[in-house]
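Below you will find the structure I want to go over with you.
Going by the order they are written in, the chains are A, B and C; count residues from 1 in each one.
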Amino acid sequence: MTERPREDGPPRRSEPEAARVGIRKTWKLFVGGAFVRGESGRYRPLGGGETCPLASRKDLRDAVRAAAEASARWSRTSALLRGQILYRLAEVLEARRAELSAQLAAGGAPAPPRELDLAIDRVVSFAGWADKLSLLASTVNPVAGPYLSVSQPEPIGVVGLVAPGRPALLGLVGTLCPLIAAGNVAVVVAGEPDPRTALAFAECVATSDVPPGVVQVLTGDRAELVPVLARHLGVRGLDVWDASEADARELEQLAADGMKRVAFRSWAVSAFEDARRASSPAMLERFVETKTLWHPLGA
Amino acid sequence: MLKLIEGGGASQDRRSGERRLEFGDRWPYEPSPEAIDRAGLRDRWDAFIDGRFVPPAEGGYAADLCPATAEPFAAVAESTAADVDSAVAAARRAFEGAWGRLAPLERGKHLFRLARAVQERARELAVLETLDSGKPIQASRDFDLPLVASHLFHHAGWADKLEWAFHGRTPRPLGVAAQVMPWNFPLLMAAWKIAPALACGNTVVLKPAETTPLSALRLAEIASEVGFPPGVVNVVPGGPSVGAALVTHRGVDQVAFTGSTEVGKVIRRAVAGSGKRLLLELGGPSAHLVFADAPLDQAVEGVIAGAFFHQGQVCCAGARLLVEESVHDVFVAKLRDRMETLRVGDPLDKNTDLGPVGSAAQLARVRELVASAEAEGAARYSVARELPARGWYVAPTLFTGVALAHRIAREEIFGPVLAVLTFRTDTEAVRKANATSSGLAAGVWTSHPGRLLELARGLEAGVVWANSYHRFDPTSPFGGCKESGLGREGGRQGLAAYVRLEEDA
Amino acid sequence: MSAADAAGAAARGLLPPLGASPPVERVAAEERAAALGRRSLKRAAKVAGLRLAVRCMDLTTLEGADTPARVAALCRKAIAPGGAASDVPSVAAVCVYPSLVGAARRALAGSAVRVASVAAGFPSGLTPLATRVDEARRAVDAGADEIDMVIDRGAFLAGEQERVGDEIELVKEACGAARLKVILETGELGTFSNVRRASDVALHAGADFLKTSTGKIQPAATPGVSLVLLEAIRDFYFRTGRRVGMKPAGGIRTARQALHHLVLVKETLGDAWLDPELYRLGASTLLDDVLLQLEKERTGAYGSLEYLPAD
């Protein structure tokens, strides 16, 4: 059976009666701002003759390295600029609605246009958070002595994001944007049900102003990749969505060695759609670290 | 005419055989021991469960040794899993009963009372702490006890204000908190754990360190005396097996631990997947940076305090000194002079600066690390001082010529030993300071504000003390990044470890 | 070059020994000084400390109403503070205005107690330089063994540190064999870093003692500021080999404060400075409290001022 081309998306497969042979996209991993083939050459069929790479341990290692290289600069990029860069990402997403919508539909999303609306609005919301978290979470501590004591949140660095499976796009932006808005860099393991939407999103990231290395997107076998991420000493945080209880226990144990910051969450789709909850400051606070500075008063 | 030539400064300081300071006996201080008659001592200490002392269900009693004499001075119950069961059950009953039903302000009033009672009994608690831990009485009296009281007082006031602390999210208590204590600040760490736990509406089962159980037991007794409902604060003394039974107990909702990174990892693995909230304050050698433009004489004090306060047995001890190469020699000379004035001896003597280390095992470990540093080629300088014949004493020691690869630069020493390294530039200083898996605290001495703030940003540490060291306050969050722990204690940020917020569900 | 030569050269300005003075972190200095105030001094240590305080005392009277008779009485007390029958040692010096140097000299004849005089425009230090130098010379001529001069704080704060140093050198020259104590009047210097800088200026200009205050300005000899002076003296000693003395003065009224100051010097400069040749406590009312405390240690009972010699 052949698929019919849809109005809002690229053709999946050339029609036998059409004169022209369509161009099929080779999906690649997004690492260090570049699209790269999987190191191991393994892939997973996506239907329609398309495939996505199965990232290997070495791909993951490269992704963490790229993220670490981008980390120092991104964490020192002004919060205002981080916000503007995220807003720019929203602009790019808005401009590529047609393609994202088609990928969402192909990936089985029930209401692609509505998910897109929510996803793009979520990016805008986190763009606004970038320069406000510190305002909420910082304190001047009234210590009993002649000292100034101030505490403020700082990004922790490389965070592994094991993205929620559903909703594919809203879940991804709703968990990735708070990480990078707070100044972290991310290595994303895309949700398994719809990796293609994650890679299409990566193309939006690549054409936005997000600097190379701030976001990597890997597709592949979660069970294979996530334990490697959990044990990687260069990864400071691990944000795992939809882990089974057994997996969570194992990952938590693996994360003990670098004393990784870890979160395990599993939300219904409706929770991601609830903007008050899903764009609350709690989303940003998970992977920041309070630093306290003391200085004496007087000369 | 007098010429004022800029540059050089303290680095022109030259020392030689005939230019020495003598810190001798021209005006000796007499021994000035604190009296122990009102220390609340008893011969036998049981677990404190459900508002009273309870003999161990199965175990016997172990001798509690005094670090200053290495001799037993009390018998302490060796709790077992059975005692942990009753303590957790008592804490659960209190959580679901008398304590849980209290209005938040009433809960706070209990804590205020406890804070006051501790202030009133500060002297006896300080003596008890010194006898049990070997901590000099001047530290127990002037550092630990005031902070214990202020932590209780500060958190008492939070009890009825929690809903304002989390940006519109509603906090709920977690339930029963299992709290495992270190032996270096037995009472202070108990207060750091108990105060926020109770203020947030939880109840507590606390396991003091095996070698220093007394002050926490006494604190629980005082809480009971001032009217806390039974079961709110329970204390089960014992060794690692009791700690393991406690943190893995199914009736426990939160686990807080202060201690070694190694044990912290074990605990984390043990509670993985249990849904228990985890708060870890671990260790790691903290870096102390001294720049050439620093107020050097005060930096000396900071470095001395950082390295030798409580014999260096402090999780955030500044055991790795990074000093700018151009002032290395003069700074080390000043440090050595200052070390000569450190008074090592009976911790009960009010003039003692350094007491013994906490246990025979600790003494062995410090000696082993010192030997390793000598074997690795670092140059040792120890204060030539006759140490008391009995007790676990170590002379204050400094190593120069230390490389990052040396064990004393990488491992937590937990003894009065300072490793001195050098750097040339700010970048190198930060790189060397961060070259460790831990990240609890750091000290920076400079008189350039811009440099300081840039360094503070670059240092991977939960706390940065600028032109100061070892500052603590209940309003100021304390805790480490990297392998130095999870979470913060103190301040608004410290409350998070003891509440469940709506998005956690 | 020997230590003595170096010191001499420094005093003559031939060496450029004064680099940038280190900055001082006030809070940390005050904390260290306060911590030393918590030393516990009991029994023999307390008695020895109090007797040392007496031996190091510059018993001072700087009142407009001072008369030769009043000074003579003070001198009798200086020689035998606890009365003739007591074993309390003599003080180090009696400190008076220049006009009373002669009276003090006569009253102290035959004793080891020195005559010190505030001179050089005390307490403002703002009279013409020639007048100040002349006043110091006259005080020495009248029999003063020691001169206490105050620096020109205005000049220091205006950045004219070399002038301050030059003036000290000139007064020092006028003192001849008499020893010069240079008062920094720390309460007017604003910051601890300034105090350190002024200390270094005075040390390099040839001061024999650094002295904190005139007693006319508050704050005066706080433990923190005293510690800064002691540290400057220590660093100068290591740089030049020359031991300069220390004199906290102003506001030291109780035995407890005096012991605190002695602990500061003991644990900063060490044993060599626990001696009236290198350490003085400037005070007018301190002696009475020290005597009371010594009596208490001797008899075990708390005393009262009425039982002390009334001078």
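Definition applied: contacts are C-beta pairs under 8 Å (C-beta built on N, C-alpha and C of every residue); 3 or more make two chains touch, one makes a residue touch a chain.
Keep in mind that what you see is a predicted model, and the values were worked out from it rather than measured.
Participant: Which chain's C-alpha centroid is most distant from that of chain B?
Facilitator: Looking at centroid distances, C is the chain farthest away.
Participant: Identify the chain whose mean C-alpha position lies nearest to the mean of all protein C-alpha atoms shown.
Facilitator: Centre-most chain by C-alpha means: B.
Participant: Quick check: more C-beta contact pairs at B-C or at A-C?
Facilitator: B-C
Participant: Averaging over Cα atoms per chain, report the distance between chain B and chain C in Å.
Facilitator: The answer is 42 Å.
Participant: Measuring centre to centre with CA averages, how many angstrom lie between chain A and chain C?
Facilitator: About 70 Å separates the centre of chain A from that of chain C.
Participant: Please list all residues of chain C that touch 2 or more other chains.
Facilitator: As it turns out, chain C has residues touching two or more other chains at 25, 27-28, 193.
Participant: What parts of chain A, by residue number, touch at least two of the other chains?
Facilitator: Only 147, 296 qualify.
Participant: Residue numbers in chain B touching 2 or more other chains?
Facilitator: Touching at least two other chains: 467-468.
Participant: In their complex, what parts of chain A are in touch with chain C?
Facilitator: 146-147, 296-299
Participant: Write out the stretch or stretches of chain C touching chain A in their complex.
Facilitator: By the definition above, chain C touches chain A via 25-28, 190-193.
Participant: Over in the complex, which chain A residues touch chain B? Could you list them?
Facilitator: By the definition above, chain A touches chain B via 76, 136-137, 139, 141-145, 147, 149, 151, 154, 156, 233, 236, 245-246, 248-250, 252-253, 255-259, 261, 277, 280-282, 289-296.
Participant: Which of the residues in chain B come into contact with chain C in the complex?
Facilitator: Where chain B meets chain C, its residues are 1-15, 18-19, 21-30, 32, 138, 142, 293-298, 301-302, 333, 341, 349-351, 447, 467-468.
Participant: Can you tell me which positions in chain C touch chain B when the two form their complex?
Facilitator: 3, 13, 16-25, 27-29, 31-32, 38-46, 48-49, 52, 161-162, 165-166, 169, 193, 201, 204-205, 231, 234-235, 237-239, 241, 262, 266-267, 269-272, 274
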